[in-house]
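Residue numbering begins at 1 within each chain, and the chains themselves are lettered A, B, C and D in the order written.
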Amino acid sequence: MSSNFGERIKISIFGQSHSEAIGVVIDGLPAGEEIDLEKVQAFMKRRAPGQHKYSTTRKEGDVPEVVSGLFEGKTCGAPLCAMIHNTNAHSKDYSNLVKTPRPGHADYTAAVKYGGFQDYRGGGHFSGRLTAPLCFAGAVCMQILERKGIHFGAHIHSIHGIADTPMNPVEITAEELAAVTAKTFPVFSDEAGLRMQEIIEDARLNQDSVGGVVEAAVVGLPVGLGEPMFDGLESKLASILYAIPAVKGVEFGDGFGVAALFGSENNDPFYFDENGNVKTTTNHHGGSLGGISSGMPLVLRAAFKPTPSISREQNTIGMESGQNETVRVIGRHDPCIVPRAVPCVEAAMAVAILDLYELQQKK
Amino acid sequence: MSSNFGERIKISIFGQSHSEAIGVVIDGLPAGEEIDLEKVQAFMKRRAPGQHKYSTTRKEGDVPEVVSGLFEGKTCGAPLCAMIHNTNAHSKDYSNLVKTPRPGHADYTAAVKYGGFQDYRGGGHFSGRLTAPLCFAGAVCMQILERKGIHFGAHIHSIHGIADTPMNPVEITAEELAAVTAKTFPVFSDEAGLRMQEIIEDARLNQDSVGGVVEAAVVGLPVGLGEPMFDGLESKLASILYAIPAVKGVEFGDGFGVAALFGSENNDPFYFDENGNVKTTTNHHGGSLGGISSGMPLVLRAAFKPTPSISREQNTIGMESGQNETVRVIGRHDPCIVPRAVPCVEAAMAVAILDLYELQQKK
Amino acid sequence: MSSNFGERIKISIFGQSHSEAIGVVIDGLPAGEEIDLEKVQAFMKRRAPGQHKYSTTRKEGDVPEVVSGLFEGKTCGAPLCAMIHNTNAHSKDYSNLVKTPRPGHADYTAAVKYGGFQDYRGGGHFSGRLTAPLCFAGAVCMQILERKGIHFGAHIHSIHGIADTPMNPVEITAEELAAVTAKTFPVFSDEAGLRMQEIIEDARLNQDSVGGVVEAAVVGLPVGLGEPMFDGLESKLASILYAIPAVKGVEFGDGFGVAALFGSENNDPFYFDENGNVKTTTNHHGGSLGGISSGMPLVLRAAFKPTPSISREQNTIGMESGQNETVRVIGRHDPCIVPRAVPCVEAAMAVAILDLYELQQKK
Amino acid sequence: MSSNFGERIKISIFGQSHSEAIGVVIDGLPAGEEIDLEKVQAFMKRRAPGQHKYSTTRKEGDVPEVVSGLFEGKTCGAPLCAMIHNTNAHSKDYSNLVKTPRPGHADYTAAVKYGGFQDYRGGGHFSGRLTAPLCFAGAVCMQILERKGIHFGAHIHSIHGIADTPMNPVEITAEELAAVTAKTFPVFSDEAGLRMQEIIEDARLNQDSVGGVVEAAVVGLPVGLGEPMFDGLESKLASILYAIPAVKGVEFGDGFGVAALFGSENNDPFYFDENGNVKTTTNHHGGSLGGISSGMPLVLRAAFKPTPSISREQNTIGMESGQNETVRVIGRHDPCIVPRAVPCVEAAMAVAILDLYELQQKK
């Protein structure tokens, strides 16, 4: 297990779905940064379940308790630890899953890796619930970065093929990002959003689930973030994004789309704007050249697989019987996790970006 | 700069396109592993330029010289260092690029990050040439892993929209991987390969370039590799793949395709095969569940942008003049780097996989 | 701040002397290890204050609450987090120390480093109290290592020049270590112990404090632990020991004594004992050769400075006044921290040794 | 093996005593720093053998060849790699040592750790020769730090009990450090130096060796370097110093001497000097409080054991025979390595200090 991320901003996430608590330690935060905990909580609420009919009915209070690292409301240089108590855990729902691992879940791989000692209740440390402390950490980092003019935002790019209006990678602004993330269902086109919600509801009624894509942006990045070859902007971001359960693809700028372009189309010409700032007329590169931020908006997309927990009967193995068996996943599950994944993507980005920010060489 | 990768297998890559040499130090290799340097060289030759009309005419000897870490042909526990001398560097070709950064390159971002002190000749440390030591390291790791029954391979999945026959993610074998990687132009369908080569040649004649996608697989992985949350299989692999210049997208299994599937389609049912081994009937997950290898083939794809170096005139900025200018990239460039990127993807995977292999908890 | 240690066993310590809680996250513990929490608590009690007249009268419950990482009494692969609530903190005692930093403390250096935002109450994150979570982590690691036949122990080597009987570095046994650590005042010679306690009491009455040396040993280490050049046995152990407040010297085997020996005296001859095991007749090397464990007892000593908190008036600076001033440290302080430091040394060693144990190459 | 050090300034040392070359990659150096290679070479010459009758007669050219990382004489952001070819290696001298491991050496522990595959010629990667690339790295870091007003120096504190005049930890200056390090035999008292040389020569004639202590200082450090709890100034320095072969003790300020002081003696009172700078009247703390630099001179001592290679017959084991045997070490060896260790200590400190310098939080 390696639930640590970062070199200067080091986070250490702990907890299982049904342990007494989950939480995060954030080491290396610059001192003297005011942290608005209400704002943090508002951010975390975007991830919290129970807000929609298409999300699990498990009610998580998700009230993080900061037990260290803040002094008089500001970071004090010491590691910041936040705890979230697991108050609404129904352990009994999951007791049989250790015998018949759920397809698409980590039940089987974790059982082998941890020799059968893993906490299988509710997915244990592999539960999507562990993105709550990630969101906490991200919300803290975001407040620090916002003071430097760096802003984050994301929207649902598509669900099961239904696409929202994509971001304009050249002109996207902090205000537009703030507006879309303020929505309960974060899409630019509410009409597309309604159709997405319909297909989620259809899937739910059909004991099924759907996947989708989250598109995110960071605006206001200075030129120069990223430490090539191996800690470049894309490496760092992809690395943390793949820690979010269900992510199966990450792309930057035009991403897989670049494969069908000519160089003459894909190259983004530089120019000086009226203020003498260096920009590119297009932004196929998505804000990163050579693993280093270019000053253009950073744009990425992450693909989320359909929630593997579906209540239909599925084929699987009997870990004890040694025979092929079936499993029916009972419990509370989101038919689509994409809406709740939106703030997780933003949070993961904020942690990685603050780490890279602090990794920059002092001038 | 952070040209180090890995926790147990730690590689440190050095060199610039026109420095005296480039190379890599590999620390943490298990002792007693025989390394066949001819086989390493044969692997590296797959990446070397000058083999096709569509690759740069720069001739790199690319003869790695092992200066430490081997004793009587075997790893001895001490760090293995390999050097490749830069014998055919034409520094004068690139001298004006510091003034007019090439669109799509790291020239501008590196200049800002390193305060104008970067070695701009031929792209410096950002040159694709730095994938040669990565290939060396990968070839070494691959030999060690092959002895454990873990095999690597990749093919050109598509170039500018022309698709090769995709891999069968359930049934792909070590033999099939060996066969395709033995080809000069590594595709399953030679007919598709010819069409790809035509479009590359068209691009070249048109002073343009094209991108594409590499698809890679690892077979024979034991169950249990990967250290979630943050050093899971996908995190680790994506992180190193994005260190290869021009990669803009990385996806596993069905990747972005999962976004259009229902959970009931995407979940891969487990079963015991005739030998009592646990398998899945389909492999949408691409060999990783919860960031841990499942024992099924690991399948991923990486998207490469078109070579940004094209000889057409392009708009850019004048770093000294402060005015908008144009640039024409002169020199030797591949109109498509995808064919040479195939072994780079395999090499990057091998380094990451051996690192995860060594990170596994001892039983 | 960098309160993280370890590569495979990664601990992240959080908390300040007067924050809501202190604690530790331990990532990377092997799964399936039974942890006896009563034994952990008994270990921590050895560090707890309030047991002697020579220790601070602050009563710390020091009851660690495990909030994650254990499942049915065993490690489950997920990070183990333990919290200790700060229930008996008298914040008001320390309020003036930010203005007149205490000589010998981190008050001044922390104020400069953290720009005045540090939590100065009771020393904040620099308080000796932060060794409680270190002891928790060490006690957990120790239980795992004991099952492998690796045993830890330490005694007070000297206090203010009064020396205990030193360890026999060749013949020290697990039983002898267990016996001495079971004592309230851990010395081999109780007579020397009484004299040490007298000098501590004298210092206390005299508003002063005394320092001393802790000597520690590990027996049962396999040959081969340590990762030279930079993560050798001594590097790793010294690195973590210097994280214990007040440590100013660390030496292995004969330590500084080697400087006065001839090579012919200091070299420890190897021999096969009656069971065919390789041993050395003497143990000047203290169990480490080339940064790798030799199989002989690991023996080290750590020097602790006298508690800097003394109630005498001392000269210092006025951070606000800009004038030279005086300070009188009021509050509850140990006139000698060495007795309570004994388990801290053992704990630090256990964390480092388990990390090195897990870092060993699999065979 | 883990021959990597540092988080921002990452060095990776490679090579064995008799491999084709040894060297170092330094990643993370700030760009734009002019490196005077003649000055580097002059520094390395202080470590080079063959200058005195008391050092090995092996002539090392020790001419480092910089193969990457410098551009027009300045660091360019890319990793700097320096190679030193092994031109004067007599492999045949050592061929029997694998059978009868030398007491006091890593021969035995390395053989067990690396399963008999270690390069045993001349000590392999454990040879003192590997301090040459460390000195290279240190010399580079030192030039960068000197421009910031941070100066390094060390002297022979004692050899076999014969003591040089100790440093004045309060008043030591950059000039005094420069003067003593300019000497061929770096001591303050040349009279003591002569007596030291006599005892070394006596040991040599007597087929024996002697140990000693190096005392080093850093002046001009800003307040605030060090990342507690685990990357504090002492942790970082001790960690790298123990990577120098033969070091068995490291202490800071009064070191083990603090154990015999009262707190009222050991506490260093703060005061404002005439220029308003914060200083301490004494410097028992050796420049570090709470793991953070205080602005006072950093003072440390490292104890070196007598060279284990002595030509007398010694008892050891027969690795092949399984019987107790004897060994006689033939070859070229220093009867005392302390004089040559002086620049190694300085170099190690410089690497660690530059790493901590770069780890500081940006303001």
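Keep in mind that, in the parts below, contacts are C-beta pairs under 8 Å (C-beta built on N, C-alpha and C of every residue); 3 or more make two chains touch, one makes a residue touch a chain.
None of the values given here were measured: they were computed from a predicted structure.
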| item | value |
| --- | --- |
| Far-end chain from subunit C, centres as C-alpha averages | B |
| Chain pair with more C-beta contacts, C-D versus B-C | C-D |
| Mean-CA-position distance for subunit C and subunit B (Å) | 46 |
| Rounded Å distance, subunit B centre to subunit D centre (Cα mean) | 39 |
| For subunit C paired with subunit D, centre-to-centre distance based on mean C-alpha positions, whole Å | 26 |
| Overlap residues in subunit C, where contacts from two or more other chains coincide | 1-4, 13, 31, 110, 113, 115, 125, 359 |
| Complex interface listing, subunit C residues touching subunit D | 1-5, 13, 101-106, 108-110, 112-113, 115, 125-126, 130, 158-161, 203, 208-213, 223-224, 226-232, 234-236, 238-240, 242-243, 245, 247-272, 276, 278, 280-281, 284-286, 289-294, 301, 303-310, 312, 314-317, 322-324, 359, 363 |
| Touching residues (chain side subunit C, partner subunit A) in the complex | 1-4, 10, 12-16, 19-23, 25, 27-28, 31-32, 65-69, 71, 74-81, 83, 110, 113-119, 121, 124-125 |
| For the subunit C and subunit B complex, residues of the former touching the latter | 7-8, 30-31, 358-362 |
